[in-house]
């Protein structure tokens, strides 16, 4: 049986207290966090729903005017809303493909490198950087007057006309590059963890069968890291919906809305134009998608972390 | 030291009844083995004694005191866990000293008792190590040591040696038995390995699906199992079971199957005829060591079979014989059968007085 | 091997644990990863493959580090000429521009001259640490209860907790803004602390539950049988999850420290944090890249240090526990 | 129907509908400047006592991070205001979008975090007019110190008061305190260097003056881009404001369009604007012609023009990458830095180009279309009476001639009082005349921003100045304009389609 030698391991089926007395002492442990979290998430969620049916005024008291489905109707007929979904999808898919491809390659090579620990330390560095600072840094690198990356691309002839962020054709891909820079290592580390779990005996068996490294990768390693890859993909998708700091720092959605991903559009509606009711409608649709993705993520996690058997489930 | 009593104890987990109406008394100083397969309720019973599980119904008495509602720490009972449950951050010494410190013993006294126990268990040189630096066998000794230092009312063992290799297990059985007899502490020992029960226990309590099947000394359980399930659970290799039909013949009874007819001894015949068998179906039990083999059919060897495989074990060998669809294991002298005899016809003999008869439907033994 | 009615597979697990301990104690088996590496590289890979691998990794490291290098050096470059780029294609000029300059600390002095950046730094520290502490305290108890307890609806509760962590930041900001407004919490550090707790608390619960799961409940039982109360037993196993606690504290700090949206919307001047202050250095009348880079260094450096200190758990935390090293 | 004629009661009831604290605070405010205040209508022995009546108070002023604000902050930090009044002022500086967000969040929700708000004329005042205090009662209040020289229209640079102080009513909601006016900046060294070559190619001299038209500028730009194609050390032609900040893109297009027949976006009063602007004029012939011109200029700009906003285009100019641009006059300070390409007297400043008949649809007047962002100081109407009075003292102090002049010295600020320009040292700093008219100036100068004052004085005066549109959804409107113009420049649509899309989206925004 393959064992994860982690400290926090996948120990399953540890006996659990389930006496009435146990419930009595577990409840006070659980409830404070649950109540706090409920206050900070369910209460806002209810607010969000309320706001989505109102034209929200900011003044305290009873400032909001009930507008029925106006916000929703507006949303479904708002071409920018749908365009922003499109931008989000394009952005997510492209950065995902790049990050997974590059990350997997990186993981395989890391797994074979003698300097794995050192390299991981280096790779962690971009992830420690506040996304908005990363955005500013890259805005500087892309800058048409001072930017070294701009200069480099021009010097090697990759960039003929325009600047990187100034063109609707390249701005989104420029932000993709920042995302790739900051988060490919994360994908690599997740995949690396999957590679560590590739059963050595199976690898040996495939070598005994005469498979080369490439073939044995596809035969043995890939099936084993499929779960890790899935987790990486889902986590990155979630973050692409969650975090818009790169966009705020780099383009603010321009040029010509070419980088206005939906969460950024939501931000603009809510906190530039103070259309909080309309923003709430958009936020709810984003949340819905997030929850669906979240369900997938959690299911994936639970697959990886073996759950107690069916028999135990019956007891629950 | 004290006696332990289960009075109609039930353990329910939501819909599942893990222990059903358990009535059992453990005498002061006794070594009782709770034996049974996975999920039989033996661990739940043990954990109810420890106070780690709530008692759904019934009472558990320590001496005459009802301990149902006492917290574990107030029960003065020591326990060895299946995973040993050593404190990973503490040294071996601290692991063993922990219960004593709680009892506010003097430093010298703690030191003396830990070292004394460590000496008995031959783990003195490990006292400064941490659990992660110990092998499985060493951990197991430390876990036992942590129990022994305490001089509690009772010892509880939850599969303490299940994860050791076979050789070490055999040695530990002896040691545990010796220690228990020396100290004379009441002990409840949970295991799924009948060999442990047979070799160590004063009495065994065999459970199945939450129900106590039989309580008795190893000898009693082995020789007079109350039902076919206990009979096959105890003994290695297990008792052979043949399906047959009881028929009247020559004023007595015979058990008949397509391949053989067995005359039922008079005493059991009487019992069988008073028992009301369903459709006259009976199961015949015979232990491998009660069977003999012959290459020719003779009156002592009436049952025809075919040799399937032979497993030499040094002094004896286990012969795997197929009789019709039934698989029979026979324990014989070494060299009776060789590998070349595979698939050869063979004839089985038995000692009539060593046969057990069970009601094929209820499984109850008929004596 | 037995299975008892409480947990179907329990005995397999303890078996596994035990084997692992045996391996460790007796040093019988080498780690599989090491084994694989030797075989793959020496047995199967050619020299050319080795060169290609090294080259790729080298390039990747350069790609990762160049922005850091430029950020740091730019923060020490005087404005104007030092920021000018050489003519396109003048690689020699580029090298000398990148590596040869006389460093100045004027941007850092500029940042701290008015005493404001110290305040933003303090705000960042207070918001991040306070949220981390709240999250870890409540998270520890809740994670323990979820890890140990068995109750109806546990999976739903668990999913709800984790989905809170995954909610889009802006979507949460919209209603929280309205609510904090009502409680007059806007533009205060408590607002930020609570907002960060929205994400940090579920995160702490999620990660710490994993750590508690790895601590056998039998250890607590052993404490209880030894004579400890339940609470004492719980307290006793805290050291066993200490690495997890440390990791969660750092990761909560990281998340809060790096936040921009919450602080930008709810922080105000009184609770302005470093990322907001850094972004705020952009102005309509000129962008002082040197100063922005210096502010970036000030913002990033503490997290880099923390990250390296708990490198091992950093990976685990960033991947929401998907990766355990 | 215009809001201008609404009786006050209706205005109040509307505000009351907005509800809550903000409403009641406004109600108080509506009752007039002095009532309810313990200190109002008091008499003071002298001016000094008047200034000190709020000794010990504390004010918070949220403003943009521009040089004039930094200058005021320096004056405050060195104790000028505290010594005079005993009032502490905390000045919070933010990037304008952030500042707007903060102020809007606070004011709309009836908050009193900020007593003083930097009211950029359209992005802030158009949006927050209802939440800003009417300053007229304070101006007539004898118990408060008043500005030296009074508040007459003529004491300010032309149109500043109109731009900054009114929205939707004749309530005076802010006092102008800094300004960003568009002027034309160009590399006079290059104009001189290539004069002959240009003359031979285009048949007229490469000289700039008030009569230079946008078509001429297009010719200049085309000329520079041609040179640049063969010699990359020559700058590109024209700099534009197309980057991230939508408002400056709208301004960039607006002044060009206004040059041609004084075209404006809405049929509304240019000073007071309207809460209900009705249908936009976008989509008409002039707007299409204007966009054609803009696109033509874009094609003669730098290749990276789409990414250059106001700040970036200034950087590009300083780096020697472009030869001309319209820029806000506060940038002169940075252009004159000798380390920069256009520094040390190599840049000339003049009024913005005139409209060209070629791009005029119909037969309107051709003017030197100029627009601006005037920063006024406004007072949060929800603040307490005494806070508001104390805040008013700060507004008076910050906009008086003395401090405007002081600010010019410290930060290279952009004074709002004409009297500052009349000071001898400032007059001297207005540089040497340059170009074909009397508005052009060239340095060096002690106060570089002063080089632009002659151009500003003409550009911001009628008929050149375009002030609006003051509409409540101004920020949404400029986002639409900027996005569509970026799309046009990116080649995604042609000028006509762009004008029509702006029209439909704007009308959709206003329900017109």
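So that you can tell them apart, the chains are marked A, B, C and D in the order they are listed, and the count of residues begins at 1 in each.
Everything that follows uses one rule, which is that contacts are C-beta pairs under 8 Å (C-beta built on N, C-alpha and C of every residue); 3 or more make two chains touch, one makes a residue touch a chain.
Given the structure is predicted, the values throughout are model-derived calculations rather than measurements.
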Chain pair showing more contacts of the two, C-D and A-D: A-D
Identity of the chain that, by mean CA position, is farthest from chain A: B
Inter-chain centre distance, chain C versus chain D - centres from mean C-alpha coordinates, in Å: 44
Distance between chain centroids, defined by C-alpha means - chain B, chain D (Å): 93
Whole-Å gap between the CA centroids of chain A and chain D: 41
Centroid spacing, where centroids are CA-atom means, of chain A and chain C in whole angstrom: 14
Multi-chain contact residues (two or more partners), chain D: 101, 105, 109, 245, 312, 315, 319
Residue list for chain C, restricted to those that touch at least two other chains: 3, 5-6, 17, 19, 84, 88, 177, 181, 216, 218, 221, 230, 265, 279, 282
Shared-contact residues (touching 2 or more other chains) in chain B: 13, 16, 52
Complex contact set, residues of chain D against chain C: 60, 62, 64-67, 90, 92-96, 98, 101-102, 105-106, 109, 111, 113, 232, 245, 248, 310-312, 314-315, 319, 328, 330-331, 334, 337, 339-340
Chain B contact footprint on chain C (complex, rising order): 1-6, 11, 14-15, 17-19, 21-22, 24-26, 216, 218-219, 221-230, 236, 239-240
List of chain B residues in touch with chain C within their complex: 13, 16, 18, 37-39, 41-44, 50-52, 71-73, 77-79, 81-89, 98-99, 102-103, 131-136, 138-139, 146, 159, 162-163, 192, 210
Complex contacts: residues of chain C adjacent to chain D: 80-81, 84, 87-88, 177, 181, 186-187, 264-265, 268-269, 276, 279-287
Chain D partner contacts - residues on chain A that touch it in the complex: 57-63, 142-146, 150, 160-169, 171, 251-252, 254-258, 268, 271-274
